[in-house]
Every structure is written in C-alpha cells, then in structure tokens.
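Here come two complexes built around chain A, the first alongside chain B, the second alongside chain C.
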Partner chain A sequence: MPILRFLVRRLFQGAIIVFLVSALIFTLLRIVPGDPVRLMAGGMAPEALIEQIATEMGLRDPIYEQFGRYVGGVLQGDLGQSFVRPANGAAVGGASFDDSTRSERAKVLDLIAQTAPKTIQLALLAMVFALIIAVPIGVWGGLNPGRLPDRLALYLSSLLVSLPNFWLGIVLALLLSVKLNLLPAIGYKGFAYTILPAFVLALEIAPFIIRNLSVSVAGVMGQNFIDIARVRGLTRNQIVFRHAMKNSAVPLLNLLGVQFSMLLGGVLVIEFIFDYPGLGLLTINAVMQRDFPLIQGIAVVTAAAFVLINIVVDLLATTIDPRLDY
Partner chain B sequence: MERRQFLRYGAMVGAAFAAPRINPDFLFSSARAADMRPLTFLSAENITGNWDPTSHTTLSQSNIEGFVMGFLTRAPMRPENPDEVIYELATSIREIDAHHLEIKLREGVTFHDGKPFTAEDVKATFDYGAQPDRPKQVYPGPTGSFEITTPDDYTVIVDTSKGGYGASLFIFLASYLPILSAKDVAEGPKGALTQRLNGTGPFRFVEQRGNDTVMEAFPGYFKGAPKIAGVTFSFVGDATTRMLSLMNGQADVIERLEPEQVETLEKEKSIKLSRLVSVENKYLWFRCSKPPFNDPRLRKAAAHAIDRDMIMEVMGSAGHASSNFISPIKFGYVDLPNYPKYDPDECQRLLAEAGFPGGKGLPELEYITSTGFYPKTKEYGEVIAAMLQEQGFPVTLNVMEVAAWNERLYDRPGGGPGHMVDCGWSTGSPEPDLVLRTHFHSSSKRICGIEDPEIDAALDAERNAPSLEARKESLQTNLMPMLADKVPALSLFTSVLIHGMRADVQDLFIYPDGLSDASKTTLG
Partner chain C sequence: MSLDMVRNEVLLSVRDLSVAAEEGGGALRPILDRISFDLAPRQILSVIGESGSGKTVLARTIANWLSAPLRVTGGEVLFRGRDLLADPIHARSLAGREIAYVGGNPAGALDPTMTVGAQLVEKLRAVRPEITPAEAKDKAIRLLSAVRIPAAARRFHEYPFQYSGGMMQRAMIVDALISDPALLIADNITQPLDVTVAAQILKLMRELNAEFSTAILFICSSLPVACDASDEVMVLHQGRVVERQAPAALVTRPEHGYTRALIAELPTLWQGGPEGRDERQRRDQRAIMSVNGVSKAYETRGKSGKALVQAVRDVTFDVFPGDNFGIVGESGCGKSSLMRLLTGLERPDGGTILFEGENVGAASPARLRELRRKFQLVLQDPYGSLPPQSAIGAILEEPLKIHRIGTPAERRERARAVMSEVGLPADIYESLPTGLSAGQRQRLNVARAMILEPRLLIMDETLSALDQTEQGKLLDLFERLQAQHGFTYIFISHDMTMVRQVCSRIAVMYLGETVEVAPNERLFFEPGHPYTRALLSAAPTLEPRRYRPEDCLLDGEPPSPIDLPPGCAFASRCPSVTARCRAENPALRTRGGQALAACFLVPDPSVTFDEPMEKSDV
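Up next, the complex of A and B:
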C-alpha cells in the first residue's frame, strides 16, 4: 500500500532527524560551561564530592558512552529523571551537597506530559486567532494585487512582524488585563488564561500567513482556469471560494505546518512573560538550572512533534491536491 | 486503505482521545471569583524541593515556613524598637545563669497533624537542627556542645556549659527556628519531614502544585483561626510579570520590587507599598583564600576605591546606608568609625605597600554578580567595576543568571571561582552571629573563605561573653572593628525590602527578613 510505504519512509527519516537533534543537543550540553553536579550538590560541596557524584552518575564517561546509555533509555520510553526538580514539579534551586533528605526527583516524561497539553492548547488557539486575522486580509489583498487592499496587507504585515513579542505581550497585558480588566494574564487557572498569550502569538505569525495568502491568491487569480471559470459563467464568489482558495491552500498548509512546529518551540518568551506553565517555561527553567535530562527530553519530544506535524501536513496536502505525489 | 480513509480514521481516533479531556465549563469558569479566595503571594525565588526546614537557606522557602510553622518567639525588629520580642510558642525565656536557659512553653497548642505541642518537640528541633550534617548551620555549636532537658511537658532547659558559650545565644535563635514535630524528626531522612511542612502556624500546608505552594487556614491556630481562606505562594521568575499580576488583581502581594517599579506602582490607587529596613546586608565578598585578596592590604585598598554614596544613588529607595557587617536592626550594630571609606590616596598607598603600585602587576580579576533576583546588582556592579578600574584594579564584571551565579557563589578548597562575588545575607533574627560567625569563622567561611586565628578568637570571645551587655561590648569594640580592618568582605548597604500589595490587603505583617504573618489579614 502506498500510504504505508509513505509512512514507513517518512517515519524512518523522522527517526534519523530526532536522533541527530538528540546527539547534537546532548553534545552541546556537555561542552558548554556550567556543571550540573555543582548545582545539584550545592555551592559548598567540596570538589572531591562533586567528582564522586559525577562519576557515580556517569557524567565523567566519554560523551558517546553517555549518549549510548541515554538512547537505550529513550528507546524503552525512559527519558530519565530531572537533575533538580522534585516529583511535584516545582522549579527549585540547589540544595546542599551532603543532605540525605533530598526528595525524589521527577521523571522527565511526567514533567513534559504535564506541560505539553497547555502548550498545544496555546499553539492551537494562536493558530485559530492567526487564521481569523490573516485569511480575510490576505485573501482581500490577493484579490486586489497592487491596489489599496494589497498595500494595506503589506503595511499591516510589516508592522506586525516588526513588533517584538515580549513588548507586545506586556503592552497587551497592561491594556487588556490591567486597564480594561477583560482577561486574566498571568499563570494558568483555566482556558481564559490562554487567550491573551495566544493572541500575542497570533499577531506574531499572522504576517507570514497574510503575505503567503496574498501572493498565492494573486497568483491563482491570474491563471487560465480562473478566466475560463468566468467564461463558464461562475459567480465571483464561486470562483474565489471554490477554486482560488482551494488552490491557494496547499502553500498555506505547508506554511501552517512549519509555523505550528515553530510555535511549539517558540513559545519560550511568551510563556515566560505570562508565566504560562507550558513547555516553554519548563524549558527556560531547565536551561537556567542546567537540568540536562529535562532539556534533552524537551528537545527529543519537540523534534519528534516537528517530524509528525510535517508528515500530517504532507498527507493533508495530498488530500487537497490529488496531483501531489506521496 | 487509501489516504482519505486513513486521514478520516486518524481524525476519529484523535477526537476520541481528546473528547474526555475537554472541560465543558472551561470557557466561562470565572478566573476572577473573589469569594473566600486565598491570599496570592508571588515570590521572586524558587524553592528547594525538600520541605525539611533545616535543609536549606533559601529565602522563599523560609517565607512559606513563616505561614505554616510556629516559632518560640518572633522579633518584629522595627528600627524604633529593635529589641522587641513577642512570645508565641514560648511564654517566657529566662537566663538561669551564663550557661543555662529556661524556656516555658504555651499549653494547648497542636500541630497541623493533630499532635499536641510539648517540650519534646523543642528538644527534637534543637538536637536535630544542630547536627553537623544539617545544611542550615545556624546553631552556636553542634549537638554535642549543648544539652536540652525537659523537666516537664512545658519546660525546656538549655545547658551550654559543654560548649563553653553563653546560653543567651538561644534567645535570639528562638525567633528564627521553626519548631518541628518530634514525631516527624523521629522518622528520619526520607520521612515526613522532607515531604511536607507540619507546624503550629496559622496556615496548614496542603500541597505543592507545580510552582504554587498551596496552604489553607488552620482553624485550630492557637491565636484564633485566620480570616482568609488560605495562602497561595507562587514562584514567578520575571519581575515585570509579578508587577502586572499585582496591577490586574491576580496577585495580592509581590516582593522585591525594583526602584523603577516602585515609581510606577506609587501612582496606582489600588496598590500600596511596604518599605522595611531589612536584616539583609549586601556584600562584596573577597576570595580571601587565594591571591591576590589573601593579602588584607589589597582588600582594604579595594574597599577604599569604592564610593558607597554612588552605590546608594543607584539603589535609590531599595538601599539603606550602613557602616557595619550587619544590619542596623540586628543586635550589636554600631556605625563603625574605622569602616573603610572612599579614599583614593589611601587606596594607592596600600596598593604600593602590597607591591602593586597603581595596580601594576595585579592579575586579571573577575567580579561575579547575578541578575534577576536582587535589585540593581548589574547596575551598581558596573559602578564598582569602574571605580576599581580607575584605581588600577584590572577588574572584569561577570553578570550571570541566578543559577549560574549560585553555582559559583561559595568558597571551595583553593578558593572559589572569580576574585570577588556579590551576594546578600538575610537571617530573620537579631542574632549577629548568623552572619558574622557563619561567614568569618574558619569553621564556616561560606563565601570569602577566610581563615584568620585572630578573627576566630574575637568571634569566640563575643560568643562566650557571660551576658548580653558584655557580648555587645565585645562585638562593638573588638570583633567588628577587627573585621573593618581586615575586610574579608565589604558590606555595601542594607537592603530595603519593598513589597507591593493590593490596597484591600489589610493587616499583613511583614518581618524584616521577608517572612509574613497573615493570621489577622483580611482581603477587601
């Protein structure tokens, strides 16, 4: 079956990508400054003890040996334990080196499983907002190439793409949450807390969709079959919604796939500003705490998500346009 | 199977998986329901993940303990009455003689798990907390250097004759040590002590939910049940995020405001500010255990190169000028006449005397500081680096995020990383040795790594003084002037703790170490 062949091929390619990403992150983490054992054991721990703990944990073995052990674990579904986070998932600071009362560390997979759904929710909502904003503007611009709507779409995209998201996040929180009291902004206690960060993310990705749509709609509208459609007596609405939009959807779909994958990894700043407890905030804390297993785990999961999203996008694209081959 | 079928089936499986996860009332469940809501406190610092109060020196976790745990006494340490002591779990503390202290305890108090509070809990707390392996080293000597006896359930006798130091040292410690349950202590490492907090305070520890520590009002609190439903204490790393939360009403109290944030919040009618001269001094720690700052002349030269008035200008309302190694609200504080002042000529004289005229021949020096926790560290760090460079010290400022700085903070064999480090030290008790002995005695020397028999002798002399008056004299005329002369660290200023809170938060008492008493607090 072609579909199975396609899936096997793409999943195999994806596995290689995930493997390479893991190897790269694993190596980089071990050559950058900052000894995680020092953070785990506490600043006052003597060097000998640091070395002893590091040796016991295998952190002084050659990198390829450590990586081999790690891959072995990942293949069995074990992404390891966080170096610093306790089982309750709190972000923590270093404890003392000889303290026998340290509590049990959290499993990386559990930490990711707790936070990933919130980030997916944020990314999906951001995508919905972005489409609501970008599709009318982009299509309108594409239907009027070189005229005012097209120029407006261009100016608006240029403006939105130039706004730094941390600034926009703070300004919108100040306006919509502090001054107008319309939405909660900080933390997460329910769906309402996703709206504002998702809106900021949407404003960040909307310009790309607007530009993509204006160009592709304008391109499609200039093709022969559109002229023929007019000769066939189809109304403008039928031409636009049944023919032009459908033909413009494939490049848009590819863009959305990439944007969605970027969103999963690109929520760092937004989640930090809004204290939104998703993968982004988890990543920032993990980096600041030199929590190697957690950083690696997030990298592996994000890379895998990137691969899967792209496979789904390719499948959808072939459904929309049967001329495309697997 | 063809691709359309594959996609259709895939979508159906996805929908079946997602359906049970949808919360039907998520869209309109109010995020702002205010009825009986708990007090929300946003902290600038994360916790350690180990609930044993003797396992850490982390301020945010001590703040949580302030809500949950009971203390023998509390010390409000207000500048107008720095020696005031309020009796809580203790009803009286009496010096029988120089080495014996009698503590009478309150009756009818229970822990949150229902266990009655008695003298065995105080004995267990002292004996356990003073063990040499406990990370929070605050006792005047290890467990073997004192003996605790309990003649009855509500009397504790502290005998320090074995250690040779005054029993009065436990008077100030009484307001600093959370009292543990003897039952929890008996369970040992990996027992209940590490898993949750169990105290006699106004709020009961419920759970740690991600970065939120959830506490609820304890109806059996011996001073009467709190008026608010509970306290939610959350770590929020970003200062702007904390401020926005306060402004939009999601947070009730936030801590460690930057001076610029104070200016913004002062204009808000719905916000009020609390400013307190704290127990925390900020220090420039010299690495005394390695060259070049193992030479006291160079430390002194560096201290004379720094104009602390300039630093105070940078700090604005977040700093309070002081000239000693402890905060003005601690026992024994005095403005030291010989505290190093800005004096470029003296700096140059000392540099030349140490063999580095004009700084020539000095190695490259690294000055490590953090950003994100203490206010203005980067800004005044740049000022200090520039002033040192002006006198010829080849200094490079290294600004790090908190975790990386924390990793490099403490002394190590052969000297810690860098040559100078910025750090504050805050201890919620008038007891000066929680700073002085912790940092300048050879047996502890946390950051500066100094080993100096003269300072050790002066520290032992003030600790072993027969009375509080004699101790004060020993501190002010012997130890403190000696430290000002040897400068193992330069205390730059005393921090002013600035909290922002919603105007409807009434009767929240904040101690100068940042701990709060919300037992009488009301909201709205």
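Up next, the complex of A and C:
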C-alpha cells in the first residue's frame, strides 16, 4: 500500500520535527535568564529553599539529563506538570513559598486539553469566514485579470492586510458589542463569544486567500484545456466551476494548511484582546510565569498539529490532482 | 471525386473571408485575405501553408474561436447555409456538437485533474443533454476502442497524464467525434507526434472519415502529410488561397509558383537511387568515439512504488574521424539520455564510452572538463540554451574563460573570428541574444561550441526547431566548417530526411537500444531491422514509397520503458514477429558491409557485433 508507506514516512519525519522543536525549546528555555523557581516560590523565599526546590525538581541537573527525562515522559504521554498552575483552577503566579496547593499542580496535558478545543473552534470558524469572504472575490478577480474586479480584489486585500489586527479587534469590539450590543466580546461563555474574534482573524487571513486564488484562477484560465473547453462545447459555468476552480484548489489548499496551522499555534494577540481562553492565552500566561513544562507542552502539541495538518493537506491535494505524488 | 457531388451538396461554404489583426493605433494587418472555398460532406480537404500563412486563423475562425486582436473584417462562413459570423449564438450552439475541433497540442487539451472518460462524458452531455450518463459512457468506451486505444474500458478511468502523446491525440479525436459532428477541424494534429504514431493517426482518421461520414478540414504544414491525408489540397500563401487540387495533380502539375517552390524545396529520401557514397567510408583508423554496451537506468518513484526507467540499454557503435554519425529514433527512445552519457553529463551504469581511447564514463571531473574541450554539444532549443542577460560576445568568450585560454584581447578576437565563420554580423558583438532569430541563435550556439576548436561536435536535434530553408543553410555551414576544421559530427535527430542528407553512418534507436547501425545508403535502401523499415515508411515524403506503412507497422503502442517485455522491444508493433522474438531479445549481428542489425531475421547469426574490418558483403 503506497498510502501506508506514505503515512509511515511522513509520520516518522514528523516525529523528528517534533523532537527537534522540543529540544530547541527546551534548551532555549533553560538558557534564557529568569529562574522559574524564584517565580514559583515568591520573591521572599530564602535562597537556600530555592536551591532545595530546584534540586528536588531536577532543575540543577545538566540540560541533557533534564531533556532525557522530559522526552521519556512525553513518550509515555506525560507532558509533565505545570510549575505554577494548581490543578483546581486559577493561575497563581508568584504565590507564597509555603503554598500547600503546589503539590497538586495541574497536568500540562489537561491544561492543553481544556483550551485546545476552544482554539480549534476559533480557527475553524475563522477559516469558514475567511473562505466566505475571499473565495468569491478571489475567483471573480481571477476571471477578469487586469480588469476592474481584479484591481478591486487587489485594493481590498492591500487594505485588509495593512489593518493591524489588535486595532481592528478593539474597534469591532467597541462597535459591535459595546455600541450595537450585537455580539459578546470578552471572555467565553458560549459559542457566540467565538464569532467576533473569528471574524477579526478572518479579515486578517482573507487577503492571502484572495491573492492566492485570483493568481491561480487567472493562471488556470489561461491554460490550453480551458481555452479549448469552449470549442469542445462546454458551457461557461462548467468551465469555471468544474475545471478552473478544481485546478486552482491545490495551491489554495496548501495556503489554507499553513494558515490553519498558524491559527492553531495560538493567535496570541486576538485571544489576549478578547480574553479568549484558548491556547494563545495559555501560551502568553505560561511565558509570563516562566512555566517551562507548559511552554514545552504547547510547543510539542502545536508542532505535532502542524505536522498532521500538512500530512492531511498533502493527502487531499493528491486526491484533487492525481499527478501529485505522495 | 465527382464535381457534381460538390455542387449538389455543400456542408461548409466560406465566402470572401477576411481576418485582420488589430495593431496599435487602430491599424489593421490582414491575416486572411478574401478566402473562399466549399467543403462537401464526407470530404477531406487539406489546407497547407508555411507558418504565418493564416492556416490556424482560418481553422479558428470556422470553429468560432477568434480572440483579440484578431477580428473578421469581411465575408461569410456558411454552415449548412447559415452564416456563423452573423449569428454568434447559433455558432456557439454548434461548437463541439456539429463542428468539432482537434488541436495540435493534445498534452494540455484536457483537465489534468479529471479522468479522460469523465471529460468525454461531460463533453457529450454538455452538447447533447438528452443522452444519459450511462449511454455516454458506453459510447465513449466504444469510440476509444474504435481509435485503437488498448483496454479502452480501463483506460476510460485513467487520467490524461497516464496517456502517451499518441494516445492522447486519439482521445481528443474521440472527444471531437463523440457528438457525431458533421465537420471536424483537425488543426496540425500530427505535428507533435512521432512519425510512426502520426502515420497511425492519419490512417485512423481516414477510416473514421469513411465510418462516421464526417467532413474533415485538415490543417497541416507538411506537404507530404497533407497529400497523404486528403482528397484535395488547398495551398494557402500569405493569407490567400493560391491553389486547390487533388494531391496527385498538385504534386505533378503545381500551378502556382509558391507550390512549385514548396515541392522543389522538399528533401528526398530515395530519389536518384544509391549514389554509392557508402563506398567512401574509411574504417582503417582508430574510432574517435567508441561506445560499447552502454546502459543507463533512471529511478522514478510513482504511486506504485519505485520503478526503473531503462532509458539506454546496451548501445554500441563507433564513430570514426570525419564521420557524420547520425542517431535517429522517436521520442522516448533514449536519444537524449544517450547524449547526456556521451558528453559526460551523466555516468553510464554499464559499458564504456571511449573518446580517443579515454573512458569518458570513468574520467575524473577535472579530466572530464579537459576532455570537453575536444567534444562539444549543441542543443535543440534555440531559446532556452542561451543566457538572455549576457551579451553575444560574452557568451562566446565564456568557454575560453572557463578553460583559461588567452588574454581578454585574444579572446575577443577569437570570438569575432568565430562569429564571422558562422555568418553572424560583427556588429552584434555587444548586443543581447534577445533579437536573434531561431536560425541565428543556432549559429551562435554552434559558434560557442566550436570556439574551443573541438574535434567532435554533438548536435542534439540542433535543426529541428528551424524551418526547411534555414535548416538547409545551417547544413551548408556545418559542411563548410567540417571541411575547414576537420570536425566529426554526431547528429541526434528524429528527422529521417535530414539524416539522409548529411549523415554517413546512422544508428537507429528504439526504446534505449541500437537496433540497427549501417552506412547511409545501406540503411535507406536495404534496412536490416523492421523498425527502420517502419520509420522509413512513415517518413513524410512525396516520393513513391519504397516501404508502405500498411506493410511495415502494426497498430499498437510502444511498450513502456519501465515495464519492458522479455523479448524484442519492437515485437508488439512488428509485422514479421515470431514466437522467438517475444521470448528472446536479439543482439546486434553483422550483415556485412559495416552494417549491423538486432533482428532474428538477419540471416547469418555467425558472430556478434565485433565485425572484422575487411569482411565482404553477404
């Protein structure tokens, strides 16, 4: 089965990528200044206690030993425990050194499992919005290269691409939730809370899709088989919707794969602005708290997601265009 | 062809059709000038003319496929009495249904992401919605078998990229005929195909014409092909019809000066008979290049896993100093792979390539660079083979720089000398190659190759991008340079008429093997391999043929170089095939007179290819 061989090969390559990413993140985290134990134990903790805790946690061992332990855990599905977050809820950066809850710190895997679905939901909705906005404009532009629709598409995408997303997020939140009271904006209490951040993200992605589509549709429309299809007696609709769109789908698919991976990897700014409890917000907090295991865990999971999405994209591309090889 | 039939019944009638190209400032450049002709049902009419004569514009005007800047400036195109030009909606409704078009580029004619079958069904149902998908599928498969696509029911589900060029052209003919059109416009349909495949397609087209009673407008740039294909030939020259006659009459009694010139210009294969030039061969010196048992396979990775493409298999020949050695064969036969091996661009998997006694295949990279001074390569594509950003002088001096020859002033002088030798004007030394014609570009390529004063020049399809006249001029140039510098040439070509004109000794390749090596006249008048006969039978010429395609070539596709049969590779298309051919691959055997052929039909299977020099004829 060539498809099995393809999957095995790609998963193996993916595992190497994830390993390299985690090794890099692991090393960097331990090289950069800032002692997580000091943050955990609080500024008032005596130096001896810090050293004691650090030694207990193995943070004074050589980096490769720490990494070996970590990888061993990851292979068994254990991403470790958060340095700072207790299992029962709210984050407690800089708690006192004799905090009794420290013994039941949250598992990284649980933290990610709680937030990842929210981010996936946000990413998917953003993708849907982006496609709804971009596909008609992009195809329209591609069918009329150099003419008004093409130029409109270009101007629109230039405009969208130059809007800063934090500004757009704030303006839209102000307009749609505060003034018009149409949509909730801050926090998460239900699906409606996803719509506004997703829309902002969609406006950010749309220009890329528009440009990609109009260029590839224009390219396909210039090809011989489209030219000749009319002489063969096919109708304009058949030519555009069955042939031109299908042939433009492969480059679009590749773009969507990359964009979706980036959305999953955490939309830091947007989640932060809307206080949306996804991976992005988790990442920001983890970084601010020097929560090494959590940062590592997020990196490993997003790297794995990246690898998987790319495999799916390549599989889909070969079903659309059979000339492509696995 | 009776005249009354034409009078009584006219399918297509073109009256005073003029088409012009709009140029800047509203100026009109005429392309077609008051063209008038009639086409009867079931008739095949060839339209012939050189490039730029307006053939394709004529085809496209009738197919309702003109696009800016072209525009009809007058006249009518009456199809069954209704003017298509005055009624574009009616014309549009006929496209693909009553008027079908097949173009010269089958490779890009179908959507690469859909199966051929699905697209045939889609087309038929687009022009005849009353047909059900199942009926359409049946009809498509029936027609695919009618055009001799093997295993049509399976091929129906394959994608365009899985079809060879010849099969794709057949599929496009099916695509055109599937709606039972009254008129088929065939625009240069044989041009991209190999001669043997083109011969099969032409034969097929005539059969289909009889079977489906479709009238055919056959657009073509080769007079022999046009004459072969049709009931009548119409000659187009500078946008006007200059002559229309039946093929036999046209060839024997051309009325217009242009037609006469066209016929006179055609090179011939057999006319005049053997001149005895093979006798002049000198074989008592050391070979300049000796190729022995060379093979090369490339690995490809497809959906079905890894596969070996056996591009070159056991090629053996010697090239002697002063020879014009020809290597002929159709596309995919391994000519270009062999060229890469001969020039040391790649190393063979097996066998030896000796250049003046030194093994090119095993030489170190540094030694190879040294050796390349003595053998140089001239490529096919006059556009892609020259760096567009370098001045002509710089292009010529580069080889000298690479080999660290001379001072800048000396190099400059040498470049100018070579330019004048190949007939390039001296004042273009500083300009870019952008403005050069294809012929001039090939001269520049030759100049670049000979500036190092090599002993051997390898010409890989050097002339195939040029028209007849320009080819003739360059061949004269090659001859002159050979006389002056004592070059030895290896011509790699698919063009039998060119090879006949210039080569002294010729190797014929089929699917990576040399199936025959023989002196020129021996090869053309007494070929030893059935494939050579098939090639000769399909070569476009107006002469009475020594070999007829019907006798020399069976229907069928060449086998894939990935999945070669155990026996002779030509067995699937060979009319004289025996059981032994399918089981065992014949090696080259001597036929005497320095001729070798790899066929069991060659009588004396005494020894292998190492023929003694003084062996007499059988």
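Just so we're on the same page, the second predicted complex is superposed on the first by the 318 of 326 C-alpha atoms of A that agree within 3 Å, B and C clash if a C-alpha of one lies under 4 Å from a C-alpha of the other, contacts with A are read in each partner's own complex, and residues count from 1 in each chain.
The rule we apply is simple: a contact is a pair of C-beta atoms (placed from the backbone, for glycine too) under 8 Å apart; a residue touches a chain by one contact, two chains touch by 3 or more.
Here the structure is a predicted model, which is why all the values come from computation and not from measurement.
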Clash or fit, chain B versus chain C on superposed chain A: fit
Which superposed partner A:D321 touches (first chain B, second chain C, both, neither): second
Which of chain B and chain C A:V135 touches, first, second, both or neither: neither
Which superposed partner A:V231 touches (first chain B, second chain C, both, neither): second
Dominant contact partner of chain A by residue count, chain C or chain B: B
Which superposed partner A:P184 touches (first chain B, second chain C, both, neither): first
Which superposed partner A:A23 touches (first chain B, second chain C, both, neither): neither
First, second, both or neither for A:M288, with chain B first and chain C second: first
Touching partner for A:E47 - first (chain B), second (chain C), both, neither: first
Smallest separation in angstrom, by C-alpha atoms, between chain B and chain C in the superposition: 11
Those residues of chain A which chain B touches in one complex and chain C touches in the other: 326
Touching residues on chain A, where the partner in the complex is chain C: 2, 5, 223-225, 228-235, 238, 242-243, 246-247, 320-323, 325-326
Residues of chain B defined as touching chain A within the complex: 1-4, 6-7, 21, 23, 26-27, 29, 31-32, 45-52, 55-56, 58, 133-135, 189-190, 193-195, 207-211, 213, 234-238, 240-241, 244-245, 247-251, 401-404, 406-413, 446
Touch list for chain A against partner chain B, complex: 1, 3, 34-35, 38-39, 42-44, 46-47, 84-86, 88-96, 98-103, 114, 117, 170, 173-174, 177-178, 181, 184-187, 189-193, 272-275, 277, 284-285, 288-290, 315-316, 318-319, 326
Residue numbers on chain C that touch chain A, as the complex places them: 63-65, 95-97, 100-101, 103, 105, 108-114, 122-123, 126-127, 159, 161, 175-176, 179, 301-305
